[in-house]
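Input: structures, listed below.
One chain, chain A, links the two complexes that follow: it is found with chain B in the first and with chain C in the second.
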Partner chain A sequence: MSMIDLAFIIQRPPYKSETSTLGLTHAISYQVVDMFLDDGQGVIPKVCFIGEGVFNCISEHKSMENYGVTSIESHVKNSLLVDLDMYVCKEDIDRFGIPENRLVDAEDMGADKKLQIVPFSEIQNILNNSKHIFIF
Partner chain B sequence: MKLGVFVNEFKTVVETVDRLTAEKLGLIFIQNGVFHATIKENGKSSPLLDKTANFYVLAEDLATRGLTDADVDNRVKVVNYGDVVDLIFNDYEKIVWL
Partner chain C sequence: MGTLTIAPFASLVGSKSMDFALKLAKTAADKGHKVNIWLTSNGVMIVKANQKHLKDYSHAEKYVKELLEKGVEVCVCEACALARGIHKNEAIEGIKWDAMHWYLAKIYNSDRVIHMGGE
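Presenting the complex of A and B:
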């Protein structure tokens, strides 16, 4: 089976623009892309939050209450629920003083996957091994 | 001049704000500007908070991003939309948006 690795890099903070949301919805769409591929082909998306993009991963968003829009937290949780591999740059959450226990977790929705906190070197490896890289 | 400045970005506005002077300066952190009031990069508060100014942060934009009053630097006052309207009409002669 021929699988293609895709890297989605989210580097913009949440909500002021649609950028972060677009990155996540594009990544989630991997579930339906099979219909456009030949038999035996598939894609493996990986989502990486770096820089100010790690702000998207702080939990307890109240965007529906305040903006009337689906929260980025919901998109992250749904991504975990469909078994997307998602990575958060450890250097960046440390730099911004974001404790790991403040990050989004989809365990309450029954997701097996969790946000994986990794050093940037691991994200660099993901970039190196991906056929296509999408920056949001 | 009494100048109120809406700060709605985290990284890109620091230099501009740093150059602004006014008889009375108010920095109102909204949208992604709220991270100036909450994030300590490498253990240090935003350099904007070192300015001589009054600082405000919009509660609704904090909550949207999963942040609470407890995350806010003690130099910054948490305000709601109604308070911001009062600031615009009562406290500042000119308002700019960065």
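Presenting the complex of A and C:
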């Protein structure tokens, strides 16, 4: 065995529960998983925002001001910074009227990765190709 | 025999998910499977020792101790626990304290994973 793909599906809106944050923090922890694994072993998380989960990807959160907690936006940015592949369902952002230029971008932090807006069929492919699926 | 990892996110009281997870873990362990339990989010509430068993509420401490005796690995998310005011010195003995990468590593080596989150 070497690397395995894991799909993290985030389908809950931000701040309504702890769920979205947990999905992101679990995915980000892939960076240090090798502490518990043998050489050459690892996991490749793919984070997919679907349904109301796409609201997590809108930029300019004010959670620190309003709730006193780190924003989900910063978790998304940190995820991009550590090269996580992150996908946003095209049909769902269209359904909720979210313009693509309102989505989080971590370019200011020097991230090479960007949120990838993809049709649901591509997210289905990710699910099909993942060893395990985690729904948050 | 296989390896099963279970991650219940719900607390013990207010949902039957945790109760189900613990009983499923016991059944799998009794059949000889290797079982891991990852406790995060409100699931961390069950690690507190000295739980009083009131008949109107589900009870976890007895089950958790039995699972530990059977060799089930139970690990709690330290940050989630501390955020809820639960400290290691008041927890059931034998439970591991670690972070989310522990769960990902167990997932890597599992044949089946039951992730009971998203509530």
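Just so we're on the same page, the second predicted complex is superposed on the first by the 135 of 136 C-alpha atoms of A that agree within 3 Å, B and C clash if a C-alpha of one lies under 4 Å from a C-alpha of the other, contacts with A are read in each partner's own complex, and residues count from 1 in each chain.
Note that in this section contacts are C-beta pairs under 8 Å (C-beta built on N, C-alpha and C of every residue); 3 or more make two chains touch, one makes a residue touch a chain.
These numbers were taken from a predicted model, which means no experiment stands behind them.
Novice: Evaluate whether chain B and chain C can sit on chain A together after superposition, giving fit or clash.
Specialist: With chain A aligned, chain B clears chain C, so fit.
Novice: Applying the touch criterion given at the start, work out whether A:Val43 contacts chain B, chain C, both or neither, answering first, second, both or neither.
Specialist: second
Novice: Identify the partner contact of A:Ser121: answer first if only chain B is touched, second if only chain C is, both if each is, neither if none is.
Specialist: Touch status of A:Ser121: no partner.
Novice: Mind working out whether A:Arg95 is in touch with chain B, chain C, both or neither, as first, second, both or neither?
Specialist: It touches chain B, and chain C stays clear.
Novice: Taking the superposition as given, does A:Asn129 touch the first partner, chain B, the second, chain C, both, or neither?
Specialist: neither
Novice: Which partner chains sit in contact with A:Glu18 here, chain B, chain C, both or neither? Use first/second/both/neither.
Specialist: After superposing on A, A:Glu18 lies in contact with chain C but is clear of chain B.
Novice: Determine how wide the angle is at the CA centre of chain A between the CA centres of chain C and chain B, giving a multiple of 10 degrees.
Specialist: 90
Novice: Is A:Val32 in contact with chain B, with chain C, with both, or with neither (first, second, both, neither)?
Specialist: It touches chain C, and chain B stays clear.
Novice: Using the superposition described at the top, determine whether chain B or chain C touches more residues of chain A.
Specialist: C
Novice: After the superposition, pull out the minimum Cα separation from chain B to chain C in whole angstrom, please.
Specialist: Minimum C-alpha separation, chain B to chain C: 13 Å.
Novice: In the complex formed with chain A, which residues of chain B make contact?
Specialist: So the residues of chain B in touch with chain A come to 8-11, 31-32, 35, 39-43, 60-61, 63-67.
Novice: Okay, in this complex, where on chain C does chain A touch?
Specialist: Interface residues on chain C, with respect to chain A: 9, 40-41, 99-108, 110, 113, 115, 117-119.
Novice: Can you check the complex and tell me which residues of chain A touch chain C?
Specialist: Its residues touching chain C are 1, 4, 6, 11-12, 17-19, 22, 25-26, 29-33, 35-37, 41-43, 45, 132-136.
Novice: Residues of chain A touching chain B in their complex?
Specialist: So the residues of chain A in touch with chain B come to 13-16, 52, 55, 58-63, 65-67, 71, 73, 95-98, 102.
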